[in-house]
Amino acid sequence: MKSGRQAGRAPALIHQAIPSQAVAEFVMSSGYDGTIVDLQHGEVGLDAAVAMLRAIPRDRNEYAYARVGSLDPAPILRLLDSGARGIIAPTIETADQARALVEATKYPPLGGRSLGPSRPSLYAGDDYVAAGNSAVSAIIQIETARGRENAEEIFAVDGLDSVYLGPADLAVSYGLPGRGDWTEGPVYDAVLELSSMAHAAGLTFGLYCASPAYARDLIAAGIADYVGLGIDLVLLTRTAREAIESLRSTS
Amino acid sequence: MKSGRQAGRAPALIHQAIPSQAVAEFVMSSGYDGTIVDLQHGEVGLDAAVAMLRAIPRDRNEYAYARVGSLDPAPILRLLDSGARGIIAPTIETADQARALVEATKYPPLGGRSLGPSRPSLYAGDDYVAAGNSAVSAIIQIETARGRENAEEIFAVDGLDSVYLGPADLAVSYGLPGRGDWTEGPVYDAVLELSSMAHAAGLTFGLYCASPAYARDLIAAGIADYVGLGIDLVLLTRTAREAIESLRSTS
Amino acid sequence: MKSGRQAGRAPALIHQAIPSQAVAEFVMSSGYDGTIVDLQHGEVGLDAAVAMLRAIPRDRNEYAYARVGSLDPAPILRLLDSGARGIIAPTIETADQARALVEATKYPPLGGRSLGPSRPSLYAGDDYVAAGNSAVSAIIQIETARGRENAEEIFAVDGLDSVYLGPADLAVSYGLPGRGDWTEGPVYDAVLELSSMAHAAGLTFGLYCASPAYARDLIAAGIADYVGLGIDLVLLTRTAREAIESLRSTS
Amino acid sequence: MKSGRQAGRAPALIHQAIPSQAVAEFVMSSGYDGTIVDLQHGEVGLDAAVAMLRAIPRDRNEYAYARVGSLDPAPILRLLDSGARGIIAPTIETADQARALVEATKYPPLGGRSLGPSRPSLYAGDDYVAAGNSAVSAIIQIETARGRENAEEIFAVDGLDSVYLGPADLAVSYGLPGRGDWTEGPVYDAVLELSSMAHAAGLTFGLYCASPAYARDLIAAGIADYVGLGIDLVLLTRTAREAIESLRSTS
Amino acid sequence: MKSGRQAGRAPALIHQAIPSQAVAEFVMSSGYDGTIVDLQHGEVGLDAAVAMLRAIPRDRNEYAYARVGSLDPAPILRLLDSGARGIIAPTIETADQARALVEATKYPPLGGRSLGPSRPSLYAGDDYVAAGNSAVSAIIQIETARGRENAEEIFAVDGLDSVYLGPADLAVSYGLPGRGDWTEGPVYDAVLELSSMAHAAGLTFGLYCASPAYARDLIAAGIADYVGLGIDLVLLTRTAREAIESLRSTS
Amino acid sequence: MKSGRQAGRAPALIHQAIPSQAVAEFVMSSGYDGTIVDLQHGEVGLDAAVAMLRAIPRDRNEYAYARVGSLDPAPILRLLDSGARGIIAPTIETADQARALVEATKYPPLGGRSLGPSRPSLYAGDDYVAAGNSAVSAIIQIETARGRENAEEIFAVDGLDSVYLGPADLAVSYGLPGRGDWTEGPVYDAVLELSSMAHAAGLTFGLYCASPAYARDLIAAGIADYVGLGIDLVLLTRTAREAIESLRSTS
């Protein structure tokens, strides 16, 4: 992701709110390029998250990301030590918050990540610290009006890699219903604006999409470099409802 | 289930192979009547299973079942103490095995379940032991040729409540591919035969179905009194594949 | 609690320092109105806490509270997503800290709680965000001299629901022994003063009580709108000591 | 316990059905001589049980017992490796079952316990295997009419150390209510008879008692060499009920 | 291992008694060919074991084995579903026990392993059941005099793949000290005899070795096809002792 | 440690990055004086850490320390309540950070630690709060150039007990390779300087050492009052590599 699209394909990632190592394996085998292990929402605690991250083979983990619930550096460090290739920090609204993310995710001189006897020490390469910094993405989530207002100075923080837009929370912050896939109004405007600003700042841009069609359009238009597509718990509930409705139908 | 169909509706249960309390809640809200927490296959360990069972509200847990991996009475007892309303024992092939299930799931004189400071002690009612026995179903799974051959003497075991047919394992035991929803051949014959035998023995009959249509037909024909319909991990993987295929489609 | 006493009865809550789903069920059946799952003191980690919260049936969880160990929003969000109906933040000493609690517990525009695929999405109702805010209480704990000194500006923070006084820590901050149930001195003065101030600010007022008699008096006097009454580990140890002393007595 | 009463005092043990290391510490500090970590009933899984056993200091663990849910040797071995000083096997009804317990708990030649890099290897002493066998008690629980009928041949099994009577399950097996502290009828007769038979066979005898007075009488009469006295979850619920009733009383 | 040595090199496996995913990764990177996750001795519970197995990349897991504590099929099935490539059953003494292992580890017609939505379903290949059977080794541990006496009929059980000798327990069963690396006496005789018998029966032969030199000799002599070499907890304790002794030395 | 060396011996502590209660016991038996349970790096989560701390007997826990991943007071409080005798805070760079550590670890008036029904309440003594403060060490880790620059004002913070230098991170902050045991250059200069400054401020001084010889020299020179010596995961990997290299050697 750091070097942009690969072979013209924008990566698609699933949001994992269920604490399951098998789900990580199975969705990967189903065609997804990666996963966002979600420690902010859902049932995935820190111990489950690190086990899930370790279960993803190292040759498949380019997009093994974790979303944290706050900027506390302690869980961020353990997620990185367990193989997370990117940390998504929710609700970034100030440059200071973005700097705190870089501080926690990058080794010096970019940040203040500490050395330890962890998975990165298994990676080949001359320069352990440089290798670690190039292997890991610092991703800020913009999902409030305030975050959007401060985007320019936030995006200028050194060491950031990507911007991830959360449309549902952004909508709520504008007093709109908390849903995604907007094609007009302030959330859609923000998608266009923040994508341009991110690209201008040398950052990739992604966002959460509820439907494949919406994601496809934004990718085709060069707006999104990658997408979050679906939440495991939501996908499962929807397909369960379809199964039971089909069973109860009289046809 | 012990008293047959309710209001003409055959219960549909999901197989839960993912260790998630939210999945239990969400699939219940999607229309399923119950869940089979699966300790035989998947990622659900005993500690996760008991938490999942406790998460299902007592007024919704009529079909909160657990499938165990063997006849070891220790996990069966803890599952019952945590609120399981039925225990499904896989691969029953002899009457002795069926008796072991009854021994573990029913209080004396039917079986040998032991008293303890558990959820059942919260149920109202004069006769704690009788209440416990009427609240819990002992369900044997027939899923091998040998189990089918011994069905008559197995079904005669006192204290059993239901027969659950596993079509994939049964197919493998006949040298056929390991799949469900058979409409001919030995597995389908077994469905018809075992349903009749179960009903004749005063037991209810259910089976695992992969598709809603197949389940609907067996219910309509009076063959199945309830069905297992889908496995959470399989449902999720399928819908994930559909999402990613839709994203990658060129239309 | 948000709307005051129900039918003239002030709710009584137990402090749960033991990681047990059964304890939650059993103390509820013993007459308590609710529980304060304690992540600050004791053995209850975040994974245990969310399982305990999910184990409390939704129709009984009006006073299913959790006390956190700090203002880190990450665990607060997961507790709320798992069904906590109130968050108690310990040792609040400034208005900024109180605002941080509201930020973490309330949806916009009151706070900055983020949307997710969680238990609240199962609640009926037109306005998900408004429903979430009315379902959850933000409760600050005043338990230091400094917190008392800043009470007026703390209580004025928009979005707060209640004040909970911790008498033992407050006593220590005055150089007194760390115990509760004070009937004179600075802790007792603080109880009277902070109850009045809370009521004047439109907030409910509660406090931890060691003995039922003390709690009863404060409720009868209109000082306490609800009480924490006892800690499971302390209650259990005391009754264990009584049992063993009775055994060893010579009478 | 193996060598009888110490200084004229019969040990009293609490039943621990709650997965808490603090409860183990606190009840020990309250005067109890030991604990029966219960894996048969309650919420204590194997991982919790081994942590609880390791939390009990080695110089206080003479009566750190575990009750298992079945005779599966796998959990028994891990409990012993984690410091359990005795294994209580429930519902023993045949000499073969008693032999299986000895097989799992004692090193050769008495049994078939396997060597491993566990806590016993930390004990001083010349003969590791002999030291292990003298440190660990094999305790059978008699709690059915059938177990009582076979008591003579059960008690003759080589390698057993003690008999523990379960009055509630025994009562149920006689068609009586599932409670303890019987002073007449078949359960009381069994207490007298099995105590005599155990002593004649060179085994110690204990039983579960609900009340201190009942336990005191049986100890004073030389019938019980040790007692189980109370279950943590039951003690806690009772004292919680007393607290809330006191609060709600009008006096 | 099923097809013998690879490129002339006998695999060496570490015994893992510590519940750590990182240890599995790190020892693999240190040159070991595989690991025996030990559920019989040590601290590794079932939930930890399945996480450890999933953490081993699929392209490195040829010797990702698990040793169980008994022949209960329930944990065996979950270990296999989580990616274990071999199951080691301790203390096999009869052909019936060996058959029970095959029954639990192999799909029909060799055994009775049940189908489920697990990791094997991710493997490519036409015949799922045949692929599963060829991917998994059934390994019996001979470690008692009785097991050795019955070796001929045990080794003749259809579906077995390998014999693993446990020298310490075998020594204890002969009344000798519980250690390995014997070069004379009944344990050494058993090594020679059982290796020959295993090879004659078409099974591979391995054993636990404490020292590299001993292992090297048995491999060079064609006696051992693979070795267990060291236990993580023992290796760690020894190197810790060396470190502290070096610190305290006066040189 | 608070009162300096005991009997002329500087304590040596192991870094525990593996979540194992047995490792704590075994390394203690191997001669180490204590352990630093590491929640910053490695696999030890909060639940594992508190179980490990409780597993260390109270009469052996003088140097049962925990290193946290951040200054969030919530985990610090639970570690202390579980028996941690010292908290090591990584990467302290300002006096404010040091004050936050004291605030979280010491009772009033030194800090703001809150009372709770925890292990400290089991300690004997008249003054619970004073006893708690004397039992627990607040240890700051200096491991960046910035931390060193601010050392004077950091060390002056009231309530601190000790300074622990992290040489690898300190080296990285100077643009040097991330290793320890420096004998020249800025890291070595910092060792000398900070030791002197710590002693002048009435604080003890320790540092992480990779080799026993380096540790021995610094202790002999009066520079180090105690040392961290080795990380369990690193020690284990090294000894595993030696074992496998010995096996593969042709000699």
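Should a chain be cited, it is by its letter among A, B, C, D, E and F, assigned in written order, with residues numbered from 1 in that chain.
Operating definition for what follows: a contact is a pair of C-beta atoms (placed from the backbone, for glycine too) under 8 Å apart; a residue touches a chain by one contact, two chains touch by 3 or more.
Model, not experiment: these values are computed from the prediction.
Between subunit C and subunit F, the least number of touching-chain steps is 1.
In summary, the pair subunit A and subunit F forms a contact in which the copies contribute largely different residue numbers, shared numbers making up under half of all those used. Averaging C-alpha coordinates per chain places the centre of subunit A 40 Å away from that of subunit E. Subunit B and subunit E have Cα centroids separated by 34 Å. Averaged C-alpha coordinates give centres for subunit B and subunit F that are 52 Å from one another. Among the residues of subunit E, those touching two or more other chains are numbered 17, 21-22, 26, 29, 42-43, 46-47, 50, 72, 75, 117-118, 233. Taken as a graph of touching chains, this assembly fits none of the simple shapes: it is neither a line, a ring, a star nor a complete graph. Chain pairs that touch one another, listed by label: A-B, A-C, A-E, A-F, B-C, B-D, B-E, C-D, C-F, D-E, D-F, E-F. On subunit E, the positions that touch subunit A within their shared complex are 21-22, 25-26, 29, 50-51, 54-55, 57-59, 117-119, 122. Across the complex, subunit D is touched by residues 46-47, 50, 72-75, 77-78, 81-82, 107-109, 112, 114-118, 128-129 of subunit B.
Put simply, subunit A touches subunit C in their complex at residues 17, 38-43, 45-48, 68-70, 72, 75, 90-91, 143-144, 166, 168-169, 172-173, 175, 178, 231, 233-234.
Listing the residues of subunit D that touch subunit C in their complex gives 12, 14, 17-23, 26-27, 29-32, 42-43, 212-213, 215-216, 227, 229-230, 232-233, 235-241, 243-249.
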